[in-house]
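Each of the two complexes below includes chain A, the first together with chain B, the second together with chain C.
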Partner chain A sequence: MPSVDLATTPLRDLNAALHALSLDTPDTHWTVTNPRGRHSVAVGVAVPVTVEVAGHVGYYCAGMNERATIIVAGSAGVGVAENMMSGRVHVKGDASQAAGATGRGGLLVIDGNASARCGISMKGIDIVVKGNIGPMSAFMAQAGRLVVLGDAGDALGDSIYEARLYVRGAVKSLGADCIEKPMREEHHAELRALLDAADLADVPTTAFRRYGSGRTLYNFHVDNAAAY
Partner chain B sequence: MDIANIPHTTPRKSSTFDDYTLSEIRRAAATGIYDIRGGGAKRRVPHFDDLVFLGASVSRYPLEGYREKCATDVWLGTRFAKKPIHLKIPVTIAGMSFGSLSAQAKEALGRGATLAGTSTTTGDGGMTPEERGQSQTLVYQYLPSRYGMNPVDLRKADAIEVVIGQGAKPGGGGMLLGQKISDRVAEMRTLPKGIDQRSACRHPDWTGPDDLEIKIEELREITDWEKPIYVKVGATRPYYDTALAVKSGADVVVLDGMQGGTAATQEVFIEHVGIPTLAAIRPAVQALQDLGMHRKVQLIVSGGIRNGADVAKALALGADAVSIGPAALVALGDNDPALEAEYQQLGTTAGAYDDWHEGRDPAGITTQDAALAARLDPVAAGRRLANYLAVMTLEAQTIARACGKSHVHNLEPEDLVALSIEAAAMAQVPLAGTGWIPGKTGF
Partner chain C sequence: MQHQAIESNAASERAMCGIVGLFLRNPGLEPELGAMLSVMLATMSDRGPDSAGFAVYGEGDAGRVKLTLRDPEASDFPALAAELTARLGATLPIVVRDTHAVLSVPMALETAVRTELAALVPGLDVVSAGGRMEIYKEVGLPPEVARRFGLERMRGTHGIGHTRMATESAVTTRGAHPFTTGADQCLVHNGSLSNHNGVRRTLLREGLRIATDNDSEVAAGYLTWRMREGSTLGGALEEALDDLDGFYTFVVGTESGFGVLRDPIACKPAVMAETPDYVAFGSEYRALVDLPGIEQARVWEPEPATVYFWERH
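Entry: the complex of A and B
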């Protein structure tokens, strides 16, 4: 089980080692110690390994992740799991702004809170936040699902496309063209699967409300000028 | 007095309310939406035409036009990248998306650039197999929308261009109207088919130069520090933008003036935001020189580059290379007078067609209509582009030899004078026949 101490090993060496792994590597479990808020920890990993990071990380941890499971035993800076393609990223603390930004696949689980713009421009990623999320979250969200067990800040889902948002707590305000939609059976089933995937089998879906696009801004029209 | 016999003045139209302005007021009143079009600024602004080379004289001697070597190659990305790019000519193809352009047009750009020994660039829509397959050197744009962005294509790229802005719309995001969001475009961009796409104008996960430095480091880490990283800015505050791009760790700065083209943007944005290419180069070069990074961080200039004279002038002012967009489309066949009848049907004329967003381009270039796109032969169009690039290069060499330079990069501001006070001030070269550089020297 490889272990990399970032107090003594350059970040470049860690990422290079992870990039050098083949899809069938026997080194499937890595630990990283002393991250000390370092940026770009375990970015661009493309193989099905588990990387456990013991501490806080800076910007873009697990950026563009494919296939890997990356666990941060601490909090994460801006853009954790940005543009993730697949795999799983688990932040045991809080996440800063733009968590899961532009992600195209995989699952991002945040045990604490996520700051502003969580899920901005998401394109297929699933994000589960156990705490609250900040303002302008899911801005221009195109696809994927965002689940929030706590509250959402201002302008949730502004200019949203086809992403689906599930929030259990209060939503301070909805952004342009984001509306509440009915929770039908298929949505409870979808939410159930997402909660289960995030190891939240004991959380019922009943208290969640669903939000998505009103689709009124999809084509330009003079009467919507104030919303552009 | 017989009123009927009073002489009338001839009808006089207003310079302020000219025919175009009146037509725009009527269009706005009828539709309630701003005018959207493609291309760059159309109005006259100080440009390279306002400069001339001095050529050799008693004090300088020229190189023989057909015997003595005048090199044109350029290295890009020598600051940090393990694999910098080496191009045969200093003219590159600017970023233009699949979506705004047909797949055939993207393939033709790749073919033409490859034949000429230069690079082409993706756009706001991801990388297509057609353009990767036909482009020997391909620059992958990293845009605010991140449409189609993925690490697999990132690793396939030869360089990465972080796009902060473009000359046609500094501070604005892209547009692609519903007519061009076909099934394939919608899938690549993860968008519903047929919507009017409005791209973000800011990157979603970083703000400001301190963040940009971290973002660039991430891109380098993901790609193992192999690829040159460009930073593209629209020309507004070129001194500071260039300095901050250098500070952020860019290998190459791409500076796009207001004449640079766009696929679709508001007319008011294109004509009224940003500064001319001519005005942007010297401040950018000054920033590089002040930081001791001129020729170490390369500068690519774009926006209104049309011929070898423009190339030579941009290089003489300090650029390392130039980039072309609309000019390359014309070489492929855009706005061809042979299609005049069809342009007339679209309410325009060859040479003025700029409704690229409507997707009805009879030349098959700015369209997603399969029948129209099929009109463009990518092989023949690529050949035309390669020819055009060769001519531009020969022209630049001709001028460089006349100035006694054995490499086009040896051209310098001292080889130039200006034909107007405005151009002299912007290019910081003397007004022709004088030693006067406005704002710099006396008399």
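Entry: the complex of A and C
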């Protein structure tokens, strides 16, 4: 069980060691100490290992993650799990802006709050936030699911394509072409599975509301010609 | 055309940059203010390795104003003070710190001293004026700049700092932050303003002195103007949301206060930490990791278009 102290080991050495692992590596559980807000901790891991980070991380932690489980016992800076492909990223504190940005797959769980632009341009990632999310979240979200147990800030889902947004608390305002949609049986089932995956089996789906695309921005309307 | 080119460069230079700020609640920490601020500033070198500057609110003498002078030619400051003393018939204590010096002037003589200074040393800048505020800024790596001025030994109640990354035009001290346009008032800025030309014209009409083409100086001048017209710091920041267009994270200092404002989109990063001992600001959490008790601090991000300020009582 490798342990890396970032107070004494250069960050590049940690990331290079993680990148060098083969898919069948026996070193499946890593711990990282003293991250002290450093950027790019455990970025680009592509094998099914678990990396536990003891403390706060800076920008882009677990970016481009594939197959790995990355656990941050602290808060994360801008762009945690950005462009994640698969695997699981769990932030036990809060996340800064653009959490899960452009993510294509996998599950991002944030125990605290996520600030502005959570899930911006998400393309298939699932994101579960136990607290609140900031303004402009799910901007131009294309695919995937965003689950929020708390409140959402201004302009949720602005210019959204086909991602599905489930929010239990208040939504301060919806962005352009984002509308509330009915919670049908399949949505309760989908949400149930997402909550279970985020270890929230005791949270009922009943209080959640669903938001998604009004699909009015998909095609060019001649009435808008003057706007271009 | 030349004027416009200079301004567009000035704006883009703050694409990166780092900001730090520290407001002490516990007077017992005041001897440590400079030491804490210098570590924060050094950590933000990655965001701005080209120049650095800081403002410290330290001790003041009743009835006197501190003029922080900067002379790139590093003139003989003690001789300058002696010459002023001879001309004005009043003792003017001076403390020299590298290219800067702090001159203590009786309030009644401030205008006369400024007139004499302009005549004696034409290239000399009066970087700041105030009962307690001193501003230092210079080209170079932030830790080196802080060391040259002895920041780590400075004491005070609050301070703010800036590290600058110049991306297009020359690296000069003139473009370094903090900016001040009024007594004990300063501002650091990460971002760029798009309507600063119009605001600058308003400020000039209102009688404010603006020394550079820099948009951040306009922001500082705007707040100074609003407070001159009766607004509190918090009120002036609220008004800035309506009148300043562009993207910005501001950290501002006044004689008794410390404020933070982000634009409605919140483009630029900002992290704050609060404990019973202090309120701290950093462009990134990394800037805060060495503060005492940071593990127990409430760490949070300021909301967009929301005014935060703290005043000493």
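Methods note: the second predicted complex is superposed on the first by the 221 of 228 C-alpha atoms of A that agree within 3 Å, B and C clash if a C-alpha of one lies under 4 Å from a C-alpha of the other, contacts with A are read in each partner's own complex, and residues count from 1 in each chain.
By definition in this document, a contact is a pair of C-beta atoms (placed from the backbone, for glycine too) under 8 Å apart; a residue touches a chain by one contact, two chains touch by 3 or more.
All figures in this text were calculated on a predicted structure; none of them were measured in a lab.
With both complexes superposed, B is the one of chain B and chain C in contact with more chain A residues. Applying the stated contact rule after C-alpha superposition, one finds that A:218 touches chain B and leaves chain C untouched. Of the two partner chains placed by superposition, chain B and chain C are both touched by A:58.
By the document's definition of touching, neither partner reaches A:206: not chain B, not chain C. By the touch criterion defined above, A:8 lies against neither chain B nor chain C after alignment on the C-alpha atoms of chain A. When the two complexes are overlaid on their common chain A, residue A:38 makes contact with chain C while staying clear of chain B.
In the superposition on chain A, A:78 makes contact with both chain B and chain C. By the document's definition of touching, of the two partners only chain C reaches A:116; chain B does not.
After overlaying the two complexes on the shared chain, residue contacts for A:22 are found with neither chain B nor chain C. Applying the stated touch rule to the two superposed structures, the overlap between the chain B and chain C interfaces on chain A comprises residues 58-59, 78, 97. Residues 265-266, 269, 271, 284-286, 288-289, 299-301, 303-304 of chain C are the ones that touch chain A when the two sit in their complex. Residues 36-38, 56, 58-59, 75, 77-78, 94, 96-97, 115-116, 134-136 of chain A are the ones that touch chain C when the two sit in their complex.
On the side of chain B, the complex with chain A involves touching residues 31-33, 145-146, 149-151, 154, 177-178, 189-192, 194-196, 198, 200, 204-206, 211, 214-215, 217-218, 221-225. Within the complex formed with chain B, the residues of chain A that make contact are 11-12, 15-16, 19, 39-40, 43-44, 46, 58-60, 63-64, 66, 78-79, 82-83, 85, 97-98, 101-102, 104, 117, 120-121, 123-124, 139-140, 142-143, 159, 161-162, 218-223, 225, 228.
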